Amino acid sequence: MEDLWIKFGQTVISGLLLGGMYSLIAMGMTLIMGVMKIINLAHGALVMVGMYVTYVCSKNFGIDPYIGMFIAMPVLFLLGCLIQKYMINRLVEQDSILPENQVLLTVGIMLVLTEGIRLFFKSDYRSVATSYSSDTVFLGAMSISVPLVIGFIITIIFTLLLHLFLTKTDLGMSIRATAQDRDAAVYMGINASKITMITFGLGAALAAAGGSLLLPLFYLFPDIGHLFTAKSFIITILGGLGSVWGAAIGGLILGLSESLGATYISMGYKDVVGLVIFLLVLLFLPGGLRSLVKR
Amino acid sequence: MLKVTDIDVSYKDVQVLWDISFEVKQGEFVAILGANGAGKTTTLNAISGMLNIKKGKIEFLGKDITQIPGYKIAELGIIHVPEGRRLFPEMTVRENLEVGSLFPEAKSKRKETIKKIFEQFPILEEKQNKEAGTLSGGQQQMLALGRGLMALPKLLIMDEPSLGLAPVLCKQIFDNIKEINKDGVTVLQVEQNVVQTLQMCDRAYVLENGRVSLHGTGEELLNDEHIKEAYLGI
Amino acid sequence: MSIFEAKNITKKFGGLTAVNDLSFQVEQGEIFGIIGPNGSGKTTVFNMVSRFYPLTSGEIYFKDKRIDTLPAHKICKIGIGRTFQVVKPLRRMTVLENVMAGAFLRTGSIGKSRHKAEEIINFCNLDKYMHREAKGLPIPLRKRLEIARSLATEPELLLLDETCAGLNPKESEAAIELIRRIRDAGVTIIIIEHIMKVMMGISDRILAINFGKEIAMGKPQEVANHPEVIKAYLGDAYAKSN
Amino acid sequence: MLNKNILMTIAFALAAIILPVFIKAPYHMHILILIIIWAIIGTSWNLLSGYAGQVSFGHAAFFGVGAYSAGILTLHYSLSPWWGLLLGPVMSMLVALPIGAIAFRLRGPYFALATLALGEIFRLLFLNMTNFTAGAKGILIMPAITSKVFYYYAGLGMLALTLLATYMIVHSKIGYYLVSIREDQDAATSLGIPTTLYKNLALLPSAFFTGLAGAFYMNYVAFIDPNIVFSLTNISIMVILVVMLGGVATTWGPTIGAALYIIMGELFRTTLGPANVLMFGVLVCLIIMFLPNGIAGELDIFKRFRQRKKAGLSGGV
């Protein structure tokens, strides 16, 4: 009986910890979707590129992944800005039959990023080895992996910083204003094109941060991006577009449901659980969890 | 202060304005009147740099601003309070005000300006931590006005401030705008509430089908039979 | 005989009441105008009638049959056509194809639908633009195209939303002439317009609303001289001074 | 003009029929067969997404169900996988019904996301229902026929059927209604078009022919596993790119796109080695940025313009 409870507790806690890190990635997506109103199918690929940057730092230069992420973030910020300015932004005025042109361009970008990385690193599975990768801490009778705990703590710090940035700084408020009413933001003197570019960069940097935190926990290969694209969609739709706290809660819920699904249903079906939640939210709760709070 | 000379404006491939010319002098209260679809809002958007101007010239304080992008217009001191208020619905009242003051000068005086605005609109102080989307129509218009004032505008452009407001609230907003004008801010206003607008403005221009059809002082136009005809067809 | 009746219809969006307990009847063969200032709820009335919005309360009857429970696409089938204030052309289809899309409601045959569409395009004086894509048309022609497209569905009642807004006097006159001819062809018309001038000439009866409520109803002259209407359009002072 | 179109079509058809006389190498035949399979999927996707404007990110569900219908017939019932050509399309239509019921409640990007999720759910289900589908191990069959020429003609027949069926749908009342829904759903509703019904009228044939392609694929390649035939990137998203490449909402666009995709893929593979998919990605980006309506779509503008003046029927419908 007690064993069952320990197993349950361990499942819940590791699910929540992992979900926290997912939510960091999803915050990047929710910011981009909030400001640009497009589905970014390259988001997972940005995560993946960020992971490779951190991986190279660790493998070739011996930089600890938790330090390496601070190199990956600015690199991805720059990459995101360039992609937005020179590729996606060019389609804004284009008259095409399918309005999904921008989405399809993100698919193209995803292909380029994934295959570009594959060219250099092949499809091999890689992992970083740190002294603490396989360490665990004990919480009562439950054992929790150390990278999960560190990653989660860093996530909390980042979430708080992001929250402060968005509510207390002019740049952050400009981002929110642009997301909520682009024209009105321009009336107030905000350079909405520049803000859009910065937001995409910021979203990419957050993707890199989340990816780097997950690096000690996942095998790295070029196609891992798809996994994160899917997860961040689920979280973004779950939490509501453009909402940082929505993404935080959504991430926790996804992590938890995956973890419970894996333990109690089967490993194979755990992703189905997330997708089904995703569909249910799309259909029955179009504003995400945030719309519940508002009611 | 603001001088518009012979501008033509098109939306995509459709021309909306022809040869619009008018002038707003320092400290004046000027109104633009006209029916739905006459081109009033387009005229205002042309001034605030949201549209491509094909022909003509817009000058502000002697400087040619015809081709300056929208976000730079605000910094020059032209603040546009758009039709339908266009607040940032998920930001608090205070945050909305803060977003109004992003330029160095306005930012340095942010605290004082907010204080002044709270004095003028006590209800905004009371609700400063509420999301703008939860305010009533009248309160939203006050906030839109306040947000505009945060930038310390030289020229305030008001687009249909009375839209959707009950008569009592309408009057209150008009009083507020008049007061702001008396404090030295030049005002250019588009309104459908003809008489009240004519009573409080110095001069007015009437637009019909994308052209200026009439202009004069408020008093002159109040007594002009054409106004009544244009609006009521009698 | 009244062909259409709205009974105490109300529409609320959250806390805002856009249309408040409004009732009116439209007689067979008349042109019935609805006027009111910006934001007074005119278009909401149309969206309720054409079932784009569900009613908060009230009932709508067409030819003595209750219609406020039908799905939106059935409204056209039973004989009520509409246009939109912000025109919605089928942008990448030609004028002919736009009107054919309407004509297909009553036929499955390409030939018949094409024949009917050509007839209506001629009726609406759009024949010169028959093979132009809708996205390149200027506003006055787009408005006319929308009327043509709706006529192709063979409506008995046509709802026109701000057909003359943004038109110059000459274009406006041409539009009015077209509306008259449509009525003469036996179609009952409800028309929304912000500009009263337009309505004065063509409406048989006018309903004036403000804040979603009726403020006056009757013959155009009566409505135009009604103090509440003058107040709504020009403001308090005008009503008193005149 | 119309005659010229018919003549061109006949010329193409004849060329396709006599092609095996000149192309003998199995490798080249293999490429042609792959082009045909992709042309069928692309043409089907184009009906739903190009003409009706409902951009599906989940067409792999139909392809996979078609393929597995054929595979499971052999695996569990020892029937010839050729029966799958009958069962596969029907099964695909059957799964299309619930997929449509869910996804058509949503519009635009939300529709796209829902189809994406549904497609992935199918992949995961087929991966995990190991008793029924053999899971990740996949299904391997021993094909009774090995002649590439046979597969070429069989595929060509199916492609012709798909093209003809979609052409007839698009040039009927249904086609007009589908394009109306794509251009403006509210306007379509105001014209009395039951939009959900007509979206289904695009979805069902689209699923049917995609399922047919899947069943044919099983017969030809003789091995499937869920990660191949239900693949999000290699099927669902690739079909979008194929049609974008060729031309959205055009009759021949998907076929042109399929030919370009496969031929370029092979060319890049042989000349660039591992960088081939990268080059493809770059090309996709360039095409979306500079030829937003695809190759046939952009050419079509000139064609349509001339056609309009004479016959007045546009290529848009």
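Think of it as A, B, C and D in the order they're written, each chain with its own count starting at 1.
Convention: contacts are C-beta pairs under 8 Å (C-beta built on N, C-alpha and C of every residue); 3 or more make two chains touch, one makes a residue touch a chain.
For clarity, every value in this text was computed on a predicted model and none was experimentally measured.
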{"item": "Intersection of contact partners for chain A and chain D", "value": "none"}
{"item": "Given chain B and chain D, the chains that contact each of them", "value": "A, C"}
{"item": "Of all other chains, the one whose Cα centre sits farthest from chain B", "value": "D"}
{"item": "Separation of chain B from chain C, taking each centre as the mean of its C-alpha atoms, in whole Å", "value": "31"}
{"item": "Whole-Å gap separating chain C and chain D, where each centre is the average of the chain's CA atoms", "value": "42"}
{"item": "Chain A and chain C: spacing of chain centres that average the CA atoms, whole Å", "value": "48"}
{"item": "Distance between the centres, which are taken as Cα means, of chain B and chain A, whole angstrom", "value": "42"}
{"item": "Chain C, residues touching no fewer than two other chains", "value": "92"}
{"item": "Residue list for chain B, restricted to those that touch at least two other chains", "value": "none"}
{"item": "Residue numbers of chain A (touch at least two other chains)", "value": "95, 97"}
{"item": "Interchain contacts, given as pairs of chains that touch", "value": "A-B, A-D, B-C, C-D"}
{"item": "Complex contacts: residues of chain C adjacent to chain B", "value": "37-39, 136, 138-139, 162, 165-169, 194-201, 211, 221, 224-225, 229-230, 233-238"}
{"item": "Of all residues in chain C, those that touch chain D in their complex", "value": "50, 52, 71-77, 81-82, 84, 88-94, 96-97, 100-102, 104-105, 108-110, 113, 130-133, 149-150, 153"}
{"item": "In the complex, chain A residues that touch chain D", "value": "38-39, 41, 87, 90-91, 94-101, 103-105, 107-112, 114-116, 118-119, 223, 226, 230, 233, 237, 266, 268-269, 271-272, 275-276, 278-279, 282-283, 286"}
{"item": "Sites on chain B touched by chain C in the complex", "value": "13-14, 16, 35-38, 160, 163-164, 166-167, 192-197, 199, 209-210, 228-234"}
{"item": "Footprint of chain A on chain D - complex, ascending", "value": "49-50, 53, 55, 102, 105-106, 108-110, 112-114, 116-118, 120-121, 124-125, 127-128, 182, 232-233, 237, 240-241, 244, 248-249, 274-275, 277-278, 280-282, 284-285, 288-289, 292-293, 297"}
